[in-house]
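Heads up, the next two complexes both have subunit A, just with different partners, subunit B and then subunit C.
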Partner chain A sequence: MSGAREPVIAARDLTRRFGTFTAVDAISFDVAPGEILGFLGANGAGKTTAIRMLTGLLAPTSGTARVAGFDVYTQTEAIKRSIGYMSQRFSLYEDLTARENIRFYGGIYGLTNAAIREETAELAEKLDLGRALDQPIRSLPLGWRQKLAFSVAVLHRPAIVFLDEPTGGVDPVTRRQFWDLMYEEAASGVTVFVTTHYMDEAEYCDRVSIMVDGRIDALGTPGELKARFSADSIDEVFVRLARGRGVAAEASKRAGAPA
Partner chain B sequence: MRTIGILLQKEFRQIFRNRGMLPILFGMPFIQLMILAFAVTYEVRDTRVSLVDDDRSYVARLLVDRMEASGYFVVASRPASLALAAEDLHYARSRMILHVPRHFERDLRTGGTGRIQITLNAEDGAAAGVIQAYAMQVIASVNREIQADFVPVALPDFHGGLDVPAGSGTVAPAAGIRLVPRHWYNPALDYQTFMVPGILVLLVTMIGTFLSSMNVVREKEIGTIEQLNVTPIRKHEFLVAKLLPFWLIALVELAFGLVLAKVVFSVPMLGSLVLLFALAGVYLLVMLALGLWISTITETQQQAMFVAWFVMVIFIMMSGLFTPIDSMPDWAQALTRLNPVAYFIEIMRRVLLKGAGLADVRFHALALAAFATVLLTLAVRQYHKTTA
Partner chain C sequence: MNTFRGFVVKEFRHIVRDRRTMVILIGMPLVQLALFGAALRNEIRETRVGVVGAVVDDVARGLAVRIDAAPQFEVVPLASPDEIEPAFRSGRVRQVAVFEPGFAERLARDGTADLQVITDATDPNTANTLLAYTSAIVASYQAELAAEGKIGGPAPAVGVRIVPEVRMRYNPELRSVVLFVPGLIALILMLVCALMTSITITREKELGTMEVLLVSPLRPAQILVGKVLPYLALSLVNVLTVLVVSRWAFDVPVRGSYALLFVEAALFTVCALSLGILISSRTSSQQVAMMIALAGLLMPTVLLSGFIFPVSSMPVPLQVVSHIVPAKWFLVIIRAIMIKGAGLEAFWKETLVLVGMTTFFLVAGIRSFKERLA
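Then we have the complex of A and B:
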């Protein structure tokens, strides 16, 4: 982890099979520190399985991967100390207040009580929480919860933060604010690994990877991908790749919708 | 250690923030004890009797008087014939027919043998057995009473050739042998004394198994378990934090229940309470491990509830609380040796009512420790931070 350009995630032929079904099929890629990688793919393309392997939740079937310098087979606990994670499903405790959630997650990552108090005050100011700080999470609007969940996921200054569809169901204004938070973290050196279904969000990423049927079919900056597929948007690139693999129904539905 | 502290703080906050929780924790023991201790009883009182008295004699009246005076029987109807009495029994207007035939008293005085007939509705076999036993008791005491009346009269009338001594027959015990039952450990045959310790076991069992299994599954359902699994929390830290709160709560419940038992039911507490709580601690490990294991094999609170309920019903029915284990068939008795609930009920009764020490219940204690070891190992192995 010493060299600045040494990749913070390095995957080689990473594969996961469930019985005869290959969910992730020999994917290889590197992610640089401070990079925002958009990890795209249709539902069932294998994104979540890939993330679960990289976060140490699921053992790979074959291939290798190092995350923050640690091996995904043998050093999962070390990986867990170095990453933040925000899952598809809601990750804060709804019956606890924002302050209590911050205390809980800060505490299990080993932040001191003083550090937790400081972070709490800082977050309350940044997210403009005010009195909401001491209200149960369940009473907060979704956008606020997601921004808070992200802030809690990076509370312990991880090397990488994995975000699995963090902006699902969130209004466009809040999504913009959410991306501002991500840029801020990336600028401070945190690598952001994010999956999304919103193709406009893909344009904000440093690089984009598109998974189809368990394989990474394209990987590059949004500009490179658009040039290579002579497309006007990442949405178009996505549809072509998906159609090429025979996900016709999904593709035609997307093609019919305004980009 | 700090991680466990942080986890425990969160667990206790969630448990006590749940509005339904406090009423459950302190209302449940109260309601369970009050309802079950009074309502669940092997005793059968006020059995309704249809009396068919074809004799209308002094002894017949005496018998009926004594039966009613015992408190176990009330004459609900006096039908004119056995056929009408059978109808009462059929339509559940009564539960027993007492038939005193004609010449009952005359036969008793002359032949020494009077016959009466009782007919029982035996749909509930156990209750019918109890009623019969009560009836026999009353009849036996009436027998003694009339022996005092008749025998001195009958004996001078004794003719050398007569071979039936007065007072013998179907309903009379042989004179000379008297059975004097003495009931140890619960001398007044106070039913609540026997039931309350067992009901307390149910209470801590429910807390241990249901609440712990619901709790972990709830995190699965909400999705927060996945969040926890990507944190550096160690497996043992997570498990201790999940089990310790319910272990403590259940022990507090037991203390609360014991106070109720003492104050409301005057249950004797002869043995050492320290021993009782120490063994309760081991027993709770068994039930918490069971709850944890259930939560590792299920995905939703509904499934967990169902499995926990299934296991609990079997454990409780076969615990000796409602049916004596001694009267179960051999194979069922063998099965109860695998039932931790049965061991702890036995411990509670022995320690509280008989003042048993550790040496007296060492076998039970060892069995519980063995269960705890096996189930905890099973549950801990089953719980993974990663999925295979």
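Then we have the complex of A and C:
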């Protein structure tokens, strides 16, 4: 690919307002192909709104963004075909078997029957599913479900995969295995856009963005951020940023100044 | 197209794998039909009527024979008035006709004679109906006798007597199942379409799979159609089952056109589906969706549509409310088709109302779905 330097996500002053409330406030960033971007922020910081705009679910109020080369205002259909998505609840149907889930999601993304069969066999081997392939998802251990959900999300070889808190409620060992899967995909050129509440996971990302009150307050490699904030961990950086805002807002409120 | 077919296949799998859903979808119509058809029947057929004092008297015996000949009645001779009370108590008879002693002579002499009709009014509706039938038989017998000059006294000389002749059209045996089957179809369509649709859509929200579907290349309209199509198909199968079973087991006729019946049923189904979509787009849990569908849709369908209680005997405020219950309009239509054999010209107004409601709910449902989710 010639476009190694061409960003796969390019956002410029991307803004979304709901009435008078600004959920996402003029964020700008680039993501390179094959990069793992950790998208951090406290609850309500605007992460979800930002993801909804980037996945073509929500039109921005102003600003521009291109995802996989397509415009978020006018080419949402093309965007949807170029991305994968995994929600925090693993997004598999629990009453269907692993094979049926693969079939279903493959079908949605327009894979041919032959391709689906091939992918199913490949996945079964890679995740060592064996007989579990034909058992309902609800009978599988959480770790397996999660890995399967991720594999299904990238089944159609998207340019970018969005993962919304993919590791919630999973034990550390399984989380580590999950990250291995993500590295593998990233190495094959898929961009991974991941939100998480686990700060240790943020250390595994190529770059980390931290959103506070609708703005991106920090963006860089974990090393850069730690150096800039002279912190020992991303956790410390995060707490400092989030609390800094909170304290400032509190102070301005007390002084009666507009926030 | 492969995409869409896969979606529908998946939806059918959900239905088949979920025992509870299967029971509701397949079992409920049959259970309800059995209940309304067999257990709740209050039809009038070969009701036993006790007759006291008929044996000795030609004219009285003639009347007793005519009562016995009517399909609604079967005469049970009672030896004396003392037997009346025990016969009612034991349920051996539901009505008793007591002829006064010397019935024929008095009639010939005075032109009048006393016939006492005692009816078991435990169920007032049935009692009224029984009475109406007996009166009709008595009146026609009286007319017959007058024509033969067997009634003496001044009465025939006065000339004209007005004798009402009561006849029940369309459902002469007043079988409740004939009335209930159309209502049952409305109820099942509401249950399957509105309730199941709202549950299945909110379940996807609870599981988080709805997010994934929305982010996928599927359009919201495709998601909606894919989700409701299996229920549409199932409910039409259910309608057919109910019609066949009620015809075969309870002899309920479809006098009008089957094609028209299915078109109207499909219209009502789309109305119910739209309501299901509307509910699911406003709620995010299966429990809440189920409660809203049960309280907001099924109860009115049972209580306010005329299914069990006639709309015309409701208090005025409830009658007004009943106008916004789609099942009320559908019931008028489907009863007219099934029982009266009427055509579109008899209920085009009701059809128009239903079309209007369906359009409104469909637009509101789709708009709400897009707003909330997409």
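In the analysis below, the second predicted complex is superposed on the first by the 242 of 259 C-alpha atoms of A that agree within 3 Å, B and C clash if a C-alpha of one lies under 4 Å from a C-alpha of the other, contacts with A are read in each partner's own complex, and residues count from 1 in each chain.
By our rule, contacts are C-beta pairs under 8 Å (C-beta built on N, C-alpha and C of every residue); 3 or more make two chains touch, one makes a residue touch a chain.
What you see is a predicted model, and the numbers here were worked out from it, not measured in a lab.
Colleague: Following the overlay on subunit A, give me a clash-or-fit verdict for subunit B and subunit C.
Modeller: Partners clash after overlay.
Colleague: For A:81, select first, second, both or neither according to whether it touches subunit B, subunit C, the two together, or no partner.
Modeller: After superposing on A, A:81 lies in contact with both subunit B and subunit C.
Colleague: Is A:125 in contact with subunit B, with subunit C, with both, or with neither (first, second, both, neither)?
Modeller: neither
Colleague: Kindly classify A:59 by the partners it touches after superposition: subunit B alone (first), subunit C alone (second), both, or neither?
Modeller: first
Colleague: Using the superposition described at the top, list the residues of subunit A that contact subunit B and also contact subunit C.
Modeller: Touching subunit B in the first complex and subunit C in the second, residues 55-57, 77, 80-81, 83, 85-96, 100, 103-105, 107-110, 162 of subunit A appear in both lists.
Colleague: Please name which positions on subunit B make contact with subunit A in the complex.
Modeller: 2-3, 5-7, 9-10, 13-14, 17-18, 222-224, 226-227, 229-234, 385-388
Colleague: Along subunit C, where are the residues that touch subunit A in the complex?
Modeller: 2-3, 5-7, 9-10, 13-14, 17-18, 207-209, 211-218, 374
Colleague: Could you list, by residue number, the parts of subunit A that touch subunit B in their complex?
Modeller: Interface residues on subunit A, with respect to subunit B: 52, 55-59, 76-77, 80-81, 83, 85-96, 100, 103-105, 107-110, 162.
Colleague: Contact residues on subunit A for subunit C in the complex?
Modeller: Where subunit A meets subunit C, its residues are 55-57, 77, 80-81, 83, 85-96, 100, 103-105, 107-110, 112-113, 136, 153, 162, 164.
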